[in-house]
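Before I ask anything, here is the structure I am working with.
We call the chains A, B and C, going by the order they appear; numbering starts again at 1 in every chain.
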Amino acid sequence: MNFPLTITLLILPPCLLFSTSNLIENSSARCGYSVHPQQGQGDNLLDIIAGDTRTIIGNALLEKAEAYYHGGLTDHGDCSLVTAGEGHDHNHHEDERDSVQSSAWRDPWSYLNAQLQTKAHVHLDKAEELLPWYWAACEASPHNIQALEAAAYALAQMAEKPQAALQLLEKGIRDNPYNVTLELSRGEILIKHFKDFKNAETAFLAAYQKSLHEKASKDDILKAKALFYLGYITKHRNDLNALQQWQQIARETMSLDLLSIRNLLELN
Amino acid sequence: MSSVITIDHVSKSYGTCNAVSDLTLSLHAGEILGFLGANGAGKTTTIKMLLGFFSPDSGQISLFGHNPSDASTRQRVGFMPETAYYYPYLNIRELLSFYGGLCGMSSSLIRQRSEDLIARTGLDHAKKRLLKTYSKGMLQRAGIAQALLHDPDLLILDEPFTGLDPLARIQLRDLILELKTKGKTILFSSHELSEAELMCDRVAIMKNGKLVLAKPVKEVVCDGNTNLERIFLNVLQAP
Amino acid sequence: MHTLRQLSALIRLSLYDLYRRKDLVIVTILAVVVLVPMSFATPFGIKGASRYLNEISLLLVWLFVLVIAMTRTARIIPTEIDSRTIYPLLAKPASRTVILLGRYAGVLIASLSVLLLFYGLYALINTMKSAFFPWEVFIQALLLHISFVILVTALALLGSLFFNSDANLSVSGILIAGMILYGQQLPVLAAEHSLPIRAILHILYWLAPHCELFDMRTRLIHHWPAIPWLACFCIFLYALAYAAFCFGIATWLFNRKKV
């Protein structure tokens, strides 16, 4: 058996991922938009296979990033990244040890394994540690909206680098021109971190228009969110006419008014 | 004279192939025996049993009166196999030091013996090179050196002349004869009948696993008109 | 004395073999090629991440050491037979048990020397980069990794007496990977099946090597607390006992092997 060959085969994938992911990305740039963020688009088999592989790698990297958020724990149950925020750093050293102890003789293997696994539930304090994995996930699968969103969240909220988050989202929007979510996130960051209502309005307007496009996701929640923010911004600059207009559109297209949308989406 | 090798009604078969059947042969101290026979006659099989690589299906083998599969018996035996590709990432010194260690020799003794043997086998010019760069004949010489390293009383050589150039053959022949004067016992298998005729006290010819002739060379080639080659052909072509 | 000389000769042979082949050089070059550019990476233009590097270095160490140790052990006996050096070897006044022990110990020591080299580099780079280094977890991780190497090489040695080296590597590779992934799930799986399969799964659970018990990488990377030392030693002893068991069977087979 050829030793160097084996080694090369084993480590080539991770190497490629980190050093030449630009290549992957360029070759896939023509793949167009994505309705289902998890799938690469293409018209021949090779494109589909390449797309799927990228998706799998991207998801694995995304999972890695989430594990890092939970101190390396992959099995983190109910703690989802997007909702997990402050006040989530509880340590529960459960009394698992006692229940395990009794079975040490009956089942030494699972006893020893339990000793190896951690019982502490800790959260990462240094957001920078997550970024390489998010970066790699986004590079590996540029159409993976979940990865883009999570990375933007980590950048803006945790690492406090909203500018970098905006750049990432803008690139994501270029790669996925019919995606509504990315526009919404961009608008939210512009409001929250830059108080830039003018550009935010452009983003939400784009989100709303994309949500009407036949190629976009048919998720009404996204449309509702766009409408709410558009109303919110027009209200902010006291443009009551425009506000009325958005109210009207919301009632007509979704049979909801903006206030109930706000309540529905728990926005503030 | 005490018997160094005793082979007593030994048979060995591989499945349906009778490699050795009912072989009886013995070798006395200080004697040189040429072990001859056509390809596939059973020479190597016999040698392997002599070294305890496996036991015969029936019959008894003893070296110096002991079972060859005991490690201590092999302390007095040197063996050179048919073509072997010695560890490619060692040089000849390291190879000999490895085998010397296996024989339990001290490192100073190993150093002394191996320098001597490297010179005797004509590998002096190549002693710093890795064995993977050695030619076939050079590997054969390395094989001779490792067999002689621990100064054994009995030498078993399987086709030692194959691949050697004429000069090396003469040197090996001289070496073997020199060992005989020191009282060593030597058994070698060979297809080189002229070498056998020149060196051996006795020849044993195998055919299809059976011993068909075992006589002192002097008796075989008693009159000046014949030679070992002719005898060999006669024996093998007989029905 | 005699036996010690024989063992030391056999061990030296493996060390020469490892360090003179290009394997180690290739492995080191690959590691450098992967890790150095990666260490300068600033994802999204932001500095400060270091755990990803530790993670990837440790992954490479695991892969490299596993591949080196397994391929080396799996090839001990087949190579001796192919190159016919088995004959002069067995003709020497050393018992087959000593020969097998020495060859195995040699490969093991050679592989462990590579392991120690890599772990030393890991510790060196990490202590240079930051003030805090989890020494206790590091020692435990090293001890368990050593145990793992002892276990898998003994497995590969045993396999080499049944299969040729490619088949051996595939079979032991599948067994090791399978146990790492599903070792702890076997009782759960057993409970879901009816009798014959359940019995087989239970036997597997008790007899197969529990390769999943040796990996402390996550603890090391994320600075978790150390595990109880008692558990650490139990796992170490388990690996030793399992390796001794495999070696025992291998010796028994090797002593009966016709060459």
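Everything that follows uses one rule, which is that a residue touches a chain if its C-beta (ideal position, glycine included) is under 8 Å from a C-beta of that chain, and two chains touch if they have at least 3 such contacts.
Everything numeric in this text was worked out from a predicted model, so none of it was measured.
Summarising the inter-chain layout, the chain whose CA centre lies farthest from the centre of subunit C is B. Overall, the chain located most centrally, as judged by its C-alpha mean against the mean of all protein C-alpha atoms, is C. Computed from the mean C-alpha positions, the centre of subunit B lies at a distance of 41 Å from the centre of subunit C.
Mean C-alpha positions place subunit A and subunit C at a centre distance of 38 Å. Chain centres here are Cα averages; for subunit A and subunit B they lie 76 Å apart.
On subunit B, the positions that touch subunit C within their shared complex are 48, 51-54, 71-75, 77-90, 94, 97-106, 130, 143, 146-147.
Contact residues of subunit A toward subunit C in the complex are 1, 3-4, 6-8, 10-11, 14-15, 18-19, 68, 71-73, 107-110, 112-113, 115-116, 118, 120, 122, 126, 128-136, 151, 155, 159, 161, 164, 167-168. Contact residues of subunit C toward subunit B in the complex are 1-2, 5-6, 8-10, 12-13, 16-17, 20-21, 83-85, 87-95, 98-99, 258-259. Residues of subunit C that touch subunit A in their complex: 22-23, 26-27, 30, 33-34, 37-38, 41, 43-52, 56, 59-60, 63-64, 67, 71, 165-166, 169, 183-184, 187, 205, 210, 212-213, 215-216, 218-219, 221-222, 224-225, 227-228, 231, 234-235, 238.
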